[in-house]
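Shared chain: chain A. Partners: chain B in the first complex, chain C in the second.
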Partner chain A sequence: MTYMAIPNIGNYTIALATAVESLGIKAWASTATTPEALKLGISAAPESVCLPMKAHLGHFIEADRAGVEYAFMVNSVGTCRLRYYRHMIGRILKDMGLKIKIFGLGFDGFKPPIVRYFDPGPLTFLKPIFHTALKIKVIDELEVAAWRTRPVELTQGDTTRVMNRLLVELSESGTMASTRAIRKKAARCFDEIPIDRDKQPLRVGLVGEISFLRDKCLNKNIEYILGSQGIELRNFFLLGEELNNISRIVLLNQNRRKYLSRIADRYLQCTVGGHALDSVAHSIRCADEGYDGMVHLCPSGCMPEVSVRPILKRVSKDKNIPILEMSYDEHTCGVGIATRLEAFADVLRERRKKQVNK
Partner chain B sequence: MLIDTGQKFLKKLSAEHMWKKSADSRVPLTIGLPRMFFYHIYPDLWETFFSELGIKPIVSGPSTAKTVEKASQISETEHCLPNKLFDAHLAELVGKVDMVFVPRVLSTIKNHLSCPKFGPLPDAARADIARGTEVLSIDIDETVCPLSDSLMLLGKKLNMRRDRTVSAIERAFSAMEAAKKNTARPAGKKGRPHFLLTGHPYTIHDNFIAGPVLNKLASMGADVELISFADNTPSKSYILWSTANAIYHKLNTISADEYDGVIQLTVFNCGCDSMMIETYRQLVREKNIPYMYIMIDEHSAQAGVDTRVEAFIDSLRWRQ
Partner chain C sequence: MNEACYLGIDVGSISTNCVIIALDGEVLFEIYRRGEGSPISSVQQCLALLSEQMPERLSIKGVCTTGSGRILAGAVVGADVIKNEISAHARAALHLYPDARTIFEIGGQDSKVTILRDGAVVDFAMNLVCAAGTGSFLDSQARRMNITIEDLSSRAMLSKNPTNIAGRCTVFAESDMIHKQQVGHEQKDIMMGLCNALVRNYLSNVCNGKEIKPPVVFQGGVSANRGICRAFREALQCDIIIPPYNMVMGAYGAALIAAQSSIEETKFRGIEVAARSIATRGFECGDCPNCCEIIEVIDDDEVIGRTGGRCGKWEGKTGPREALRGNGPAGAVSAASADCETCGQVDHVPDLIQMGVHKK
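Right, the complex of A and B next:
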């Protein structure tokens, strides 16, 4: 069996693995970067590149050692470093003498080179694509349900257990019928979790760089830590929404960025690159919607996200919403992150008490 | 695909309303120019342009250790060094001038990009350092419209007459051309080592960042050529950042007869350089030219640079 390594974007890797089956091959993937892969990446990459690049590189090195022949890497058309990832990863792997072949997106005539290379039949190709879209939708729903349930669950860990079980089932599901069945079952499973109905959890928005919003290993499981502190999260990266946006740009020429730049206009009149505009616009929107706080994640030295930090500080002062800025590098330790988040949660709780007493 | 259609539309809109009088804008007497980023990217352009329009330009002093000290106190901790210095230069001007000028330099060459950090620069200035002072800003995006059009828009923003703006732009452009030619150094004399110093325009012309290296090289009796960014129509490569592309092409064309060594100047936390340095190194290695890169951060001082430059030049002697 031929395998292809794909970059991991959290739980969505399960859906992308199905997409790879459209080429008649199997995916080599994981839902979170392993610490070993990160270590490999750190030792191979130049020291001052950002952490997601090191994670991707390590992932591909690990894949090559496991005997995987092909790899897939997303292309970016943006302004930031992500644009050069594929080129650089390819070069580093070549210098190391590894044989793994890296494909990118991009069109070469009618078919992208990756499709041309494997040349699957039309039926093998199309069916998994629809299946992927369905799986992405299901994972979106699971994520949203988990953010809502986790802060109010009576027994800590219930949500995570249910979520993990469903994700395993989803990754094993081979037909669209079984995926639909899981989708129906998921709603019931989450309803069965015993919850505290009177509790009004704090609401916090999560913005920042996408691989940190999604990858549990890179962000040190921030969703779980905040959730078990009794905080209802809203993570502003859902792959379903992102793909929806891309298809709307292509088909209808409607970019969500236009809407976001209208929101952020007073503070930021430029799209910057990466998800910097999204961070600012979502922070403003959350402040207006009465969220209790925001957490802004980015790798240390991230070009777009760091450059909007002074603006986020101003938003925080003007709109009276606490924004916690977290930056991660190789030496970031899970315990340190947990301590900071717990302290932040305490501040938010006290803040709400004061507001209620007024 | 690169061009944001929303921005293009806005540009078109503002060009249509270009020559209608706007009542609320006022003409400042003095304008502050931070000696960073765009000041070095467009040498002499802004001073000439504003003084031709009858506005006195006030440029912040060259960066020194004091500027760096100030920068570390007021600036965002994770910015790159030039961005921190920029904040310190801006803080130096605030309060002394009627307006500060911070353009949004999105691209300096058509179909290329500049560093993404330049995008939110004026907004960050308004939000933080230059709060309370008016920040004058224009979008410079060569992909959408040439620099002269952006300057016309600036003239309009300042309520200037059209013919006056046109003549100011002409003068400013010729001043910039002359300044760009001046930075090109004469060819080295025989017997003296000849080096190429590469880096961003705002690092190789900055007093704090490039100063120690240039001083030491001069005192060791070496000739240094600073890389020139005068070429406005470079050939394309996979690199879209305009300065990185210019360096890439320059390193592609040099030969071992021309230069005894290449010194790459980089700054701590620079995103562009972190991706590109390996590429540069490989290019120069293939040509068998000695290569060294010096990374400058807030704690860099003359002594540390001295040691490295001396060691580099000594190793070149052994090579011969």
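Right, the complex of A and C next:
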């Protein structure tokens, strides 16, 4: 069996693994960067690059050690350094004397090179693609349900347990029929978690660099920490939504960037790369929608997110919404991160109390 | 006869502090102790000092731990509340100065600014990934010049013409200082320059974008350094309040939190904890590829607490190891959720799913 290593984008890796099967090969992946991979990546990468790149690199080195021959890397069309990372990672791996071959997603003529290389038949190709789309949709739903349930659950850990269980089933599901069954079961399972119906959880938006929004290892399980503090989250990276945007651009010529830059107009007129414009626009939107606060995840060395930091400070002041800046680096211990998040939750609770008393 | 009192313990990076307060918030005892890298023995020594001083009529009705070692200390003493240090410091400052609008807190490894308005915390900031602008910066420089940190403080106060030192990074500051020293600047001027550099770093990094309004309360270990206080006064052009218990404000705040959180029966394991032999033992969980390093706190072969897990299934649990393993995140399954066929399953649920790996 041929294996291909795919980058970790949190739980969506499960769906991507199905997509890889469309090429007639198997995926080699995990839903979060393992600490071992991170260690390998940090030692192999140049010191000043951002942590997501190190995580990707480490993942591929780990894959090569496991005997995986191929790897796949997203090259973003944004202006962030990520678009060069495929070449950079390819070279670093080559310098290290590793054999793993890296594909990008670019088009070359009609077919992307990756499709041409493996050359699957048209029929075997289509079905897994539809299956992937379905899985992405299910994972989107799971994520949203988890954010809603976690802060109000009566027994701490219920949501995470249900979520993990469903994800395991989803990763094992090989047919569209079983994925549909999981989708139905998911709705029922989340409904059955005993919750405190009178509780009004604080609402917090999560914005920032996408690998950090999604990868539990990199962000030190921020969704779990905030959720168990009684905070309802909204994580502004849902792969389903992102793909919808792409199809909207292709089919209807509706660019979401235009929409976002209209919201952020007073603060930022152009995209600075990555998801930085999204961070600003979503913060403004959340402030208008009455969210209690925002958390901005920013790996140190991430060019776009570092650029919008001062802008977010201004937004915070103008719109009177607390924005917590989280700067991540190669921490191995989550204590400092938990301290900041707990204190932030305390601040939000006090604000809420004050608003109610007014 | 038995007078109620509350204990606050702040386990910081450099020092371990204990404060005992009466129900009305009056400080009965305070202990500031520089630790030597072992939080458990520091806490025990603090408690031993307390037991010597404390009269028998006092009985501890509640304990709260704070600081970066709060979870470990909480397991050792049996804390009722475990609170982050930002909230603890704010509580203490607000108790003493209800009209305070800014709190500066500089400790050994962390520096924080807390913005208060109308007696409530509205915003805070903490140093990010760099420890320049904290106590350890001063400590390392004092050590390099072979003087104590108290000496640095008093000599800096004598300076009339402080020299300019780069304060962005401890490494740069050190080479800058050496250059200044080699061209013949007076030592007291260099020290005051160092204080100015730290304050500049703090104001531009940590307080970036925050509205600093007086009254400003300055606390934490570094607030004992008069050179820094002088630098703050000069930089902000306003008076800086140094509270009476400036060194132990975190522990004081923790004690206040314990006093106000209406504890019915304390989980405190008694002041005798000081004499017990408490150790830690690490093991790798290994239930999923995260391979979390779990630390068990052991008191005479009895596990009194665990820390270090990512998914929550080990945190604070004291049951036997095998019973907890593979139980998924946190706690036993409640009766209601056991009805659902999927949620009821408490078998192996990894926090991280790997695909393709086991087949290789």
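Observations
What we mean here is this: the second predicted complex is superposed on the first by the 357 of 358 C-alpha atoms of A that agree within 3 Å, B and C clash if a C-alpha of one lies under 4 Å from a C-alpha of the other, contacts with A are read in each partner's own complex, and residues count from 1 in each chain.
By our rule, a residue touches a chain if its C-beta (ideal position, glycine included) is under 8 Å from a C-beta of that chain, and two chains touch if they have at least 3 such contacts.
Just so it is clear, the structure is predicted and the values come from calculations on it, not from any experiment.
Contacts of A:Ala44 after superposition: neither chain B nor chain C is touched. In the superposed three-chain model, the partner touching more residues of chain A is C, compared with the other of chain B and chain C. Of the two partner chains placed by the overlay, neither chain B nor chain C lies in contact with A:Ala146. In the superposition on chain A, A:Ser327 makes contact with both chain B and chain C. Shared-chain residue A:Arg83: touches chain B; no touch with chain C. Judged by the touch definition given at the top, the superposed model places A:Ala281 against neither chain B nor chain C. When the shared chain is aligned, chain B and chain C each come close enough to touch A:Lys313.
Look at A:Asn255: by the touch rule set out above, it reaches chain B but stays clear of chain C. By the touch criterion defined above, A:Ser300 lies against chain B and chain C together after alignment on the C-alpha atoms of chain A. Contacts of chain A with chain B, set against its contacts with chain C after fitting on chain A, overlap at residues 300, 310, 313-314, 327. Interface of chain C with chain A (complex): residues 68, 71, 83-87, 110, 118, 120-126, 128-129, 208-209, 289-291, 310-313, 328-334, 336-337, 339-340, 342-343, 345-346, 349-357, 359-360. Contact residues of chain B toward chain A in the complex are 1-2, 4-7, 76, 78-80, 83, 104, 106, 113, 115-117, 119-124, 127-129, 139, 238-240, 268-275, 277-279.
Interface residues of chain A, counted against chain B in their complex, comprise 46, 48-50, 77, 79-81, 83-84, 87-88, 91-92, 253, 255, 257-258, 261, 267-274, 276, 300-304, 306-311, 313-314, 327. Partner chain C is touched in their complex by these residues of chain A: 1, 3, 13-14, 17, 26-32, 34-36, 66-68, 154-158, 160-162, 164-169, 171, 185, 188-189, 192-194, 216-217, 220-221, 224, 228, 300, 310, 313-314, 316-317, 322, 325, 327-329, 334-336, 338-340, 342-344, 346-347, 350-351, 353-354.
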